[in-house]
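Structures follow.
Shared chain: subunit A. Partners: subunit B in the first complex, subunit C in the second.
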Partner chain A sequence: MPAVETEVEIVNKYGLHARPAVLLVEAANRFGCKIEISNSSLSVDAKSIMSVMRLAAGKGTVLKIVAYGEDAEQAVREIVKLFADGFGEE
Partner chain B sequence: MKLSDIIVADAIVPKLASRTRDEAITELVEALAEAGAISRAKVKDITKAILAREAQATTGIGKGVALPHVKLEGIKKPIGTIGCSGEGIDFNSLDSKPVYSVILLLSNPKNPDEHLQAMETIFKHVQRDIFRKFLRQSETSQAVIELIREADEIG
Partner chain C sequence: MKIKKGIGVSPGVAIAPAVVLDIEEFDIPRRQVPSDMGQVEMRRLRKAVEVSRKELADLRERTAERVGKEVASIFDFHRGLLGDKELMGKFQDAVLQGHATAEYAVATVLRAYAKELQSMPAYLADRTKDIYDVEKRLLRNLLGEKRESLAHLTRDVNVLAHDLTPSQTAGIDRGHVRGLAMDAGGRTSHTAIVARALGIPAVVGLNDLTAEVGGGDVVIIDGDRGVVVVEPDTRTIREYKRFAEQQVELVHELEALRDLPAITLDGHEVTLLGNIEFPDEVGTVLDQGGQGIGLYRTEFLYLGGQKEEPGEDDQYRAYREVIDRCAGRPVVIRTLDLGADKYTQARARTPERNPFLGLRSIRFCLQNLPMFRRQIRAILRAGTAGPLSVMFPLITSILELRQAKSIVRDVAEDLEEEQIEHRADVPMGIMVETPSAALQGDALARESDFFSLGTNDLIQYTLAVDRGNERVATMFTAAHPAVLRLIKDVIRAGQRHGVPVSLCGEMAGDPQFTMLLLGLGLRVFSCTPLSIPRVKQVVRSVTVQDCTRLARKVMGFDSDREVLTCLALELRRALPGSLAD
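Entry: the complex of A and B
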């Protein structure tokens, strides 16, 4: 199964704080594929809230998303949309 | 950032008297005021702000832990406290299980990266099974303080 890989930038003012992190984890868990998110020093499981909060990703941070599995493409598309929308925040 | 730089030792509540989420949050904010970390006059507003934040989305992240928090003007650097509940509190958690450890955090809205760093520090420790287990077993402030100190040393 080929991996789907992309980069996203955090656009909302407060970064990937608790509420967006929960939205991200909930979205990730709707898919069967394995999804990893990483910053320059850490790669974490996108389905675990405890792990995602470790990224401490502020506004302007670029994160890499890699998904492996059957629905990887849809999962990445969905997640990219969340980041692009700033998780519904300013 | 270290956990001991964030947690106000004198505000730790090793045995929460509260049985509900709202009471527990109020109890912890009052403990911060009692410890002199925030002004007593602000207790009501801060509690209200945290509860409003909690109503938007639960901070009960699962595995018996909740992290109620809010960004507020006038907070110089991230400060927080920890409350432990033997009976467990319903936080409407993501995993629907009761919360035994409540870590409350206040930070400044003008410094979102500092808030994220504080959250990262908290999550770094909270994601470890052994930290959660010892925190849940702590019955005195001293036990919590020692646990935090040891956790900071491990890094």
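Entry: the complex of A and C
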């Protein structure tokens, strides 16, 4: 099964707080592939809000995203876009 | 085992498992679910999640329209959380492996989340309250109609809550509620009054008790010492059982007083009446040696949680039952004293900013005439069955009194025309419970058949203290010289005009004040039924002459502290023994 891996940086001011976490999880759940997101110490399921919030990732943090499955490439592209846009926040 | 200190407001000891109601009135059942019922619980839970998600979608839309998308986005978090795989997995584990009820699974899993969030950076910790919000929503959808659980208990329990609303206390199942323990409140909070009336041990002012006790934990409520013991060890339980037996002996001692007259050593007769809220409390009053009902509160029909407004006949039946049970003894019925409660607030166009200074009590009645007239009709009809008087609460001006009296006359004329049996000449008095009424004692006495001093409100309005606010509750005292001055003036005004004066506030049942009140000239006390024997014991142990001397001395003091110290000393001198402490 192809694995797609990339790194993203958090650019929005308050980091991966509740609202971005919701958007991230919603996006992840649109895909069939398994998606993991991790910081230096923790790797979590990108499809669960509580898990994502547990990363407690602030601005400037670099996260690694790994997706496994058929639509992995597309999923990662979508997620990278969300991070790059700062989840639509100022 | 944990011991929590509060204020004992109703004596006695109750040992029972706890039912913990949070502010939203939920009783979270902790019982184990048999494994074959696990799937049923999961189905309930999934349905509650589904309904909650639907509610949140609607809420989001409405909020977005009204307040804007930014604010509405928080409901996405709530919804997202409820759609979370991990969360559902944990719910499922708790129910299927932990054999928990759906409610208990929701509470434990979400509270664990809340705790976890609290330790995270502030921008995430702020979401803790959202987790609680989601928990409440789920519980509401799970429990639905079962929320007013106090009326349908199947086992003996101690009820723990932040504070009980009047409608909750009205719904208490007296067969199963053994004791009450509240985070909030003071000696004169509604819960305290009701607990004393029902003869249930109660402790209030325990701050964060409900956060520390789980439903089903055994707790001891010690209303004598103002203590709650959480999960007591067997030794403590044994000691408490012995203590409870001793208390029963003291009660037996007081019972011996029941059939003796309330008369002072120098031969002055005193009338001791009971305050009640429910018709079946008449029995308690008579059992304690009460000579009638000095305050019959009539709000219960409105606060009992029924959907429909009580009709004239419902009220007539309740009043009639009280009069019949009193069998010729006097009954003083107070007209609706609604206000600052769910009933009136639900009917207010906008919530009142200061309900205690708002549309309450007689004011509410005079602005809701059909409701008021309905009650008066019921009262006048019931009045044919025995010696009934009616009193109007919270009178602040002579015009209010005149208006209320003219409505009574009006209603009597209607009944006359309709040829319905009624009593037209029912005596009409007022509650003196505002400084304005107390200061206008002479004017009001000329147009009243009697006065009843309502010291709870009189103290609140004189000292500007909310007795339910634990942060200032200690400032609430009948011993304040300003309060005592008003009481004295009202008794004097009554004497000048030949208008009988009674006192029906909590003060009447507190033996500390009995001598002082006798000395100020009070001869009619109306108190919570269980306090009658203690007051009678004081009455029978003192002379009016000594009391008058005491009153003169006390009225010269400048602070409540001096007053209380002096009264405690005098009571101990007159009545050595357990009561004085």
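We take it that the second predicted complex is superposed on the first by the 90 of 90 C-alpha atoms of A that agree within 3 Å, B and C clash if a C-alpha of one lies under 4 Å from a C-alpha of the other, contacts with A are read in each partner's own complex, and residues count from 1 in each chain.
By definition in this document, contacts are C-beta pairs under 8 Å (C-beta built on N, C-alpha and C of every residue); 3 or more make two chains touch, one makes a residue touch a chain.
In this text the structure is predicted, and so the values were computed from the model without any measurement.
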- Query: Given the touch rule stated above, what does A:V62 touch, subunit B (first), subunit C (second), both, or neither?
  - Reply: neither
- Message: With both complexes superposed on chain A, which partner does A:M53 reach: first (subunit B), second (subunit C), both or neither?
- Response: both
- Query: When the two structures are overlaid on chain A, which partner does A:A3 contact: first (subunit B), second (subunit C), both, or neither?
  - Reply: neither
- Message: Quick check on the superposed pair: does A:D45 touch subunit B, subunit C, both, or neither? Answer first, second, both or neither.
- Response: second
- Query: Just which bits of subunit A does subunit B share with subunit C as contact spots?
  - Reply: 14-15, 17-19, 22, 48-51, 53-54, 56, 58
- For the subunit A and subunit C complex, residues of the former touching the latter: 14-15, 17-19, 21-22, 25-26, 45, 47-51, 53-54, 56, 58
- Contacts from subunit C onto subunit A in the complex sit at residues 73-74, 76-77, 80-81, 84-87, 113, 116-117, 120-121, 123-124, 127, 130
- Note on the structure: In the complex, subunit B touches subunit A at residues 56-57, 59, 61-63, 67, 69, 71, 94, 109, 112-113, 115-117, 119-120, 123-124, 126-127
- Note on the structure: subunit A residues touching subunit B in their complex are 13-19, 22, 48-51, 53-59
